[in-house]
Amino acid sequence: MKTRILGFVALAAVAVMLVVALFVVPADLNQGDAQRIMYPHVASAWLGYLSFGVTALAGILWLWKRDLRFDAVAVAGAEIGVMFTAFAIWGGMMWGRPIWGVFWQWEDPRLTTTALLLALYVGYLLFRRLTDDPERRATRAAIVGIVAAVDIPIVHFSVEWWRGLHQTATIGSPDRVLNPAAPMVFVGTLLGTLAAFMLAWLYFMIRRYQLARAELGREEQVRRERIEAARAPHPAASPTEVAR
Amino acid sequence: MPQTTIYVSPRSLGAPDSRPPSVVTTDLARLFAGSPALAGVSLRIEAARTVALLGSNGAGKTTLLRVLSTAIRPSYGRATVDGLDLARDADLVRERVAYLSHATGLYDDLTARENLRFAAAMYRTPEAGGRVARALSDAGLAARADDRVRDYSAGMRKRLALGRILLGQPSLVLLDEPYASLDADGMSLVDHLLTAWRDAGVSVLIASHATDRLAPFLDGRVVLERGLVSAVSGDGVTAEAPSLPGAAPVTEAAR
Amino acid sequence: MSALRADARIALEIARKDAVGELRGRHAIVSTLFFSAVLLLLFGFALGPDSARLAAAAPGLLWLAVVFAGMLAVSRLHLLETDDDALEQLALYPISRRAIYAGKALAGLAVMLLLGLLVLAAVGILFAVDVGAAWLPLVATVVLGAIGIAAVGTFYAGVTVRLRAREVMLPLLMLPVLAPLLLAAVKATAAALAGDPFGDLGAWLQLLVAFDVIMVVAGAATYGYLLED
């Protein structure tokens, strides 16, 4: 019930912020209306990173506590993260096309880093599918998730330096909005969009986790039933003292 | 068959009854892809006992040995070896347990001697050179020690794997079908090892169908059926019923 | 401190065992070296015959060849452990999991160093770049890159060795993680060859060092979990 309320609130918040971003906030002087997509694009990218952090952390908690619910959180994080990351990349391309004239710009550090993040996520999800046994899968996925997550900051720095070498203007970044001189209305819109998307993220995460949890519960039920069935007396056996 | 040289571990000294039990399992269960190979084994084997693990194929013998060796983790339940918890102290357990499985774990492209030298380095065996030579001769492989394992027959590999156990200082030896693939000489090697281990106070748990051959060496037997203990007998071996409600008790003879 | 030394000795023994096994066995190291040469030839066909273009692309081509051939080489070392379930036996010895990782990674490093230096020489010849002039930073880059590829490759080879579809999973998992190493190594190589005009060679080498340290620590910390089942 509470989740449903959250869902409605999130939906409302996202709708409001989209209206603000698309119609209310003044357009960028240089880029015009195309710049408006920056707000959901950046928010989605940040939530993509957050999701992967959640997945990695959940993996660590599984290895420590051996509670499969943590693995359910991990898979939720990965799938929701793929969603937001893919949307962020799409948004980036939609933004780039009118501005740069091309869909992809290698010098945009966020776009390339986010693309790599997507590759890591997809690899993680495909890797999970190769193991059937839930505990083995959780352990293997946890370590793959941890090493991938550890890689993200390195990717970020390396791409930043890469971009830094070329002194071309950073057309695609929100830095123009996030510096102290920017008018409050831009910053406010960005933060507001982030907050709204975060509510949506939370809603999706909870729903996905509930699904995974229910699946776990079913599997656990089956396992217990099988163990009980194995322990039930079987008519054929009449075990006795084994003769020496 | 020459004598076999067992290096007695300090842990195996002392009266067996004053030492912790070699194996204690509590409701040990392990599932593979949803289906239970072990369904709740609660077993206790006292120190310095040689025990046969019996049961038909698929009863869970190999799985039990693999859990005790730390090769796999249990799904439920706990176990201790020499009083050490398998989950918490796995590295300490590995110092005390030797496991001979169906697969020998030998490297095909190395010679027999090199395989044992490597094992000796892993066990940190003191005086490795001499012990390797003795293990090779005890296993009857001294003449072919410098041939690659790739060229060995299944029986020779088995003997080499048995020789490898001599490089460690286990207080519990787990053997999975030790007589399989062996000729008459190989089987006497196993017999000699069983005698030597018993004299050295080492516990041995053997999964095997060869009950007649093993009979003179055994202190007790455990019978597994569909992942549960269905009977035990002998000195120093006890079992309890699994503790899930609605479970069937183990036969009276077990108590 | 003596626990560390014991671990180091175990790791060296494992590396030695791998080296002997691989050299004696299926001659895969030679095949991998030859494979990297074939890759370079194909790059020449794909991007040539304009030698100026090839010379400009040389740093990238060098590292692409090293990464792809290196991936194969390092994964082969884990294939050695499929002999009669040797990996399970290895995990049963009373040795620390870190030492097992370190041993296999060291063997991988030896292969990667050999591969890297040979590819460097080959690129010098095939794409007309003067590797002799800046040999010190170039060798440093190769060494740092080799460490990173060995560390990451050993980890993922262990992760995929017992899986079905391992031939495609290994590159799929490993290559995105190697992206920053590839970037830094290529940039460092290009800077070294050009005489470090912008002064960024040091920065890229530092990034490589950071990558190596982080990946070795992450690999050593998590590899043990692979061995339990």
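For the reader, a short list of remarks on this structure follows.
Here the chain labels run A, B and C in written order, and each chain numbers its own residues starting at 1.
One rule holds for everything that comes next: a residue touches a chain if its C-beta (ideal position, glycine included) is under 8 Å from a C-beta of that chain, and two chains touch if they have at least 3 such contacts.
Here the structure is a predicted model, which is why all the values come from computation and not from measurement.
Ranked by how close its mean Cα position lies to the mean of all protein Cα atoms, the top chain is C. Each chain's centre was taken as the mean of its CA atoms, and the one lying most distant from chain C is B. Inter-chain spacing, taken between the CA centroids of chain A and chain B, is 47 Å. The mean-CA centres of chain A and chain C are about 30 angstrom from one another, to the nearest whole unit. The distance from the centre of chain B to the centre of chain C, with each centre set as the mean of the Cα atoms, comes to 39 Å. Residue positions of chain A in touch with at least two other chains are not found.
Within chain B, contacts with two or more other chains are made by residues 73.
Residue positions of chain C touching 2 or more other chains: 228-229. Across the complex, chain A is touched by residues 29, 31-36, 39-40, 54, 73, 75-76, 215, 218, 221, 223, 225-228, 230-231, 233-234, 242, 244, 246-248, 250-251, 253 of chain B. Every residue of chain A that touches chain B in the complex is listed here, in rising order: 132-133, 135, 219, 222-223, 226-228, 230-234, 237, 239-242, 244. Chain contact summary for the complex, chain A toward chain C: residues 63, 116, 119-120, 123, 126-127, 130-131, 136, 139-140, 142-144, 146-148, 150-151, 154-155, 157-159, 161-162, 165.
By the touch criterion given at the top, residues 152, 155, 159, 163-165, 169, 172-173, 175-177, 179-180, 183-184, 187, 198, 200, 203-204, 207, 210-211, 214-215, 218-219, 222-223, 225-226, 228-229 of chain C touch chain A in their complex. Here chain C touches chain B in the complex through residues 6, 9-10, 13, 17, 20-21, 24-25, 80, 83-86, 88-96, 228-229, going by the rule given at the top.
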